[in-house]
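Both complexes below contain chain A, partnered by chain B and then by chain C.
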Partner chain A sequence: MNKIAIVGYGTTKFSREEIPVESLLLNATKSLFDQNPNLNQKDIDAVLVSTNDNTKYLSAILSELAGIQPKTAHTVESLCNSGTNSVVSAYSYIASGLADVALVVGAERRNSPGQILEWDNSRGEFKHPIFWGTIFTKAHKRKFGTTEEDLATVSAKNHKYAHDNPNAYSNKIYSVEELMNSKILTDDLKVSDCSRPCSGASAVLLVSDKVVKKYSDSPVWINGIGQKTLSASFTKNQDFSSMSSTREAAKIAFDMSHLDPIDIDIAEIHDAFTVCELMAIEDLGLVSKGNGAKFVKTLYETEDRKINPRGGLIGTGHPLGATGVAQIIETTQQLQGTAGKRQIENAKVGLVHNMSAAATSSTVLLLQS
Partner chain B sequence: MSIFEVELKKGKFVIPECLTCKDVVWPPSDYCSLCFGKVNWRKSDGIGKILEYSKKGNIFFCLAEFEKKIRIMGTLQVYSNQPEIGKKVKLDTCKVDGRNYNFTMTLV
Partner chain C sequence: MNKIAIVGYGTTKFSREEIPVESLLLNATKSLFDQNPNLNQKDIDAVLVSTNDNTKYLSAILSELAGIQPKTAHTVESLCNSGTNSVVSAYSYIASGLADVALVVGAERRNSPGQILEWDNSRGEFKHPIFWGTIFTKAHKRKFGTTEEDLATVSAKNHKYAHDNPNAYSNKIYSVEELMNSKILTDDLKVSDCSRPCSGASAVLLVSDKVVKKYSDSPVWINGIGQKTLSASFTKNQDFSSMSSTREAAKIAFDMSHLDPIDIDIAEIHDAFTVCELMAIEDLGLVSKGNGAKFVKTLYETEDRKINPRGGLIGTGHPLGATGVAQIIETTQQLQGTAGKRQIENAKVGLVHNMSAAATSSTVLLLQS
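Take a look at the complex of A and B:
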């Protein structure tokens, strides 16, 4: 099996602007080409687009706009973890020998139709994501004594780190107290607990070890992949204070890479809501169950950027199809030592956690320099 | 439209039960998700228990489980007693509103 590395990336800024999805895709692709002078359109065997936008045939459209005539081109949709799913697909094409060079571009526009799962009628009229966010939060509070201050600390940390990310949606720093006073959505959820939809696109270039030297002196290797889908219905989660799809995906990824949670230097976590960051770091085994809040508080107070250095979904914004790809870019920059102000010293092993629809499915990737 | 929705439109909550393995199938479907057996639609007693709840403004909403299998979210009518985990609820009204279902429950 071929080994697969990430050798290039490009991104747009994440913003509130309403931008056509085709432009977003092209802008991220242009940014990738601009930063990778050794890459020629003719090199690319596969173009995969990750989005929940309903627009048809987007990978062929992007290929045409970018002057690429790939062998393989198609869209990957899996709600909020479309991004990592498309990277896993690209990985598989390369690992199997069907491709040597694959371009993955994730994009979403702010008013994308893909943000609510209409199918899940078990949620009744409570289909908006804030309601599963509320149930998760209430259950975590009940089981582990998580407080509003704990949740606001996650949000304060991620806004603070996003301030050093020029592509982030948010550029404001808030105190824990300010966030605790933000608008109340439900008894268990405030505006400050939520990531927000926005427009944005991110692109990565994956290649096989056979051709890696042509594109990069500092490739980042994908050494672990774990995925699990439990259901499509939020209500099928057995326990609402933990994410079992994340636990299962993590186990698979750690087994594949022969790594352990203790090896992780930097983790990009899917903080769709503040409680998700706490649940995920617990279920990934980065801390023991119930100790997520204490851990995050220490990170915040010591300015340790180990978890969500780019500002998470809460600080950076959540353009669904782009999110997983953007998480991979941040991890790549950290492992290459090019994350600037956000750089974690001597980072060697990175984890990406990307999930969909109230953790009914999860992807965990392990990357190494 | 599925039998489930036809009945739900009339305000009736019917449950698909597998003719072969007798498992309750949820979400509603024409075939059993365990054995692909055909389902029979039967009435439910509509009595469930609260798994979790919260409040938006003055309105309680909850996630409740019926027939040890069927989990749905709905508005929870609260009169005197306060909701608690494990407390019994009765499914009061079911509606179909466009593409959305709409459930109201009351504390028993």
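Take a look at the complex of A and C:
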């Protein structure tokens, strides 16, 4: 079986601007080519596009725009974790021997059709994600005594870290107090608790161990993959204060890689809402259940970037199809020691956590330098 | 490396009716479960949906409706060859060890957004596929002297074979003369030259050799896979009388399987328009270039079902995301000897040819019993 490494990446800035999805895809791809002088269009066996956009045939369109004539080419969609699912698909094309070099590009326009959960009648009329965010928050507060200050601390931390991410949607630093006075949207959520839709694209290059030397002296290996879909409906969740699909995906990924939560040096967490960061670090086993807020407070006060060093979805923005890919890029940079001001010292093992639709499905990846 | 077999299938009827995509997906899946008593929902590691529908998160929705909680779940889209590309993706998940059992379900509503080629400005205002169908036909006529009768013979043959396909859109038999009097749509195409959009869904079950015995005594193995994307734009084609992507995909598939065109007992060909069947059987090497029409005439006159035994896209209908899956089902039934009235005697090797958007991309699969 081929081993699979990430050897290149490229990204656009994440922004409020309305940009055509084709331009987003091409610009992230250009950025990847610019950073990988040894990469030739002819090398690329597979082009996978991750998006919720309604435009069809985007992998062929991107391929033509970028001068690539791949064997495998298609779009992958699974809402907010389309990005990591595309990377897992690219992994499988390489591991199975159908490809040696695969390009994955995630892109989303700010007004993506993936933002409204049209299908889930169990939500009644509340189809915007903010409603499940609210119920999660209410449940976590009730069960673990989570406070508004705890939530604001997640947001303050992620905004602070995003300050050093040149591609982030927001580069402003806010105090916990400022965020606690942010505009109230629902009973339990303020503007500052929410990740924001934006336009953006991110690309990664995956290769087999057979050809890895041509592309990188510091490959980052994908050693653990966990995916789990429990339902499509929010209300199938048994317990709104934890994410079952995340727990199951993490178990699969840790088992596959023979790693444990204690081995993790850096984790990219899907903080769609502030409470999601707390829930996920608990459900991934990085801290015990109910201790998420205390842990995040310590990280914030000590400027420890272990969780969401690029600023998370809250600081960086959340262009749905690009998010999982962007999380993988940050983890790759951290493990390669090229994350600049955001660098965590001596990071060897990274975790990526990406999920969809109230954590009805989750993906967990474990990467190693 | 795991070997991968097709061990089950299910389908809906293809029809003019407007049916919600969720119902189509579920009905094909139910049909598959009905025919595979040893299959349990818990066995399924991956659920891939093939469609051009704009509805998001369909793999999770189908999984929930069908009581499946898979690891891998996402939608695959690459226009008209989404079906075969999804099956190749499922193959790679199993070959790579990430899954042992994968369900692929292709579905399309009659009014699919995949039917209009919005992106290709090289077509000017002619965004409906019939315009590339016309130009292909014109080019093939000019180069090889193809006649209206040759084209009508393809349609008459495929309608005749569809008569014995209970799931086909059309079960009417027409004479060549009748079809030559069919309504004229463009300079070179009549209604009878065109495959028709319809609602329909088809599902296949893929498994690794490790677990194959649980599900089938007559597995059909995927031994050759060829995929090629040359462009997204019709006018990038150098020669409108042949399909370069089909030739390249066929070469890759034949090389992988160590099979040759002469080994093929039955072929499912993507006859989006009548001329496409002629071009494809030539470009796949089943006959030499320019001899397609003569070959099809002989098949028709001798009732030899070697090409498109279920009636092709023209007789069966073309629900975009389902088509490639339906082609694989027919080939599987032929190789298992369960195709009933449509059965080709002693079929051992089958070929599936599926393509998108004026053959700007093609997939070729080689299956063996």
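One rule holds for everything that comes next: the second predicted complex is superposed on the first by the 369 of 369 C-alpha atoms of A that agree within 3 Å, B and C clash if a C-alpha of one lies under 4 Å from a C-alpha of the other, contacts with A are read in each partner's own complex, and residues count from 1 in each chain.
The working rule: a residue touches a chain if its C-beta (ideal position, glycine included) is under 8 Å from a C-beta of that chain, and two chains touch if they have at least 3 such contacts.
Just so it is clear, the structure is predicted and the values come from calculations on it, not from any experiment.
When the two structures are aligned on the shared chain, A:56 is found in touch with chain C, with no touch to chain B.
Residue contacts after overlaying the shared chain place A:139 against chain B, while chain C stays out of touching range.
In the superposed model, A:188 makes contact with chain B only, not with chain C. In the superposed pair of complexes, A:118 makes contact with chain B and with chain C alike. By the document's definition of touching, of the two partners only chain B reaches A:235; chain C does not.
Of the two partner chains, neither chain B nor chain C is touched by A:161. In the superposition on chain A, contact of A:131 is made with chain B only, not with chain C. Which of chain B and chain C touches more residues of chain A is settled by the count: it is C. When the two complexes are overlaid on their common chain A, residue A:295 makes contact with neither chain B nor chain C. Looking at chain A, you'll find residues 118, 233, 236 touch chain B in one structure and chain C in the other.
Contact residues on chain B toward chain A in their complex (touch as defined above): 26-27, 51-56, 61, 63, 70-75, 85, 97, 99-103.
Within the complex, the chain A residues that touch chain B are 118, 120-127, 131, 134-135, 138-139, 142, 185-189, 233, 235-236, 240. The touching residues of chain C, when paired with chain A in their complex, are 1, 22, 47, 52, 54-57, 59-61, 63-64, 69-79, 82, 85, 88-89, 91-98, 113-114, 117-119, 225-233, 236, 249, 252, 356-357, 360-361.
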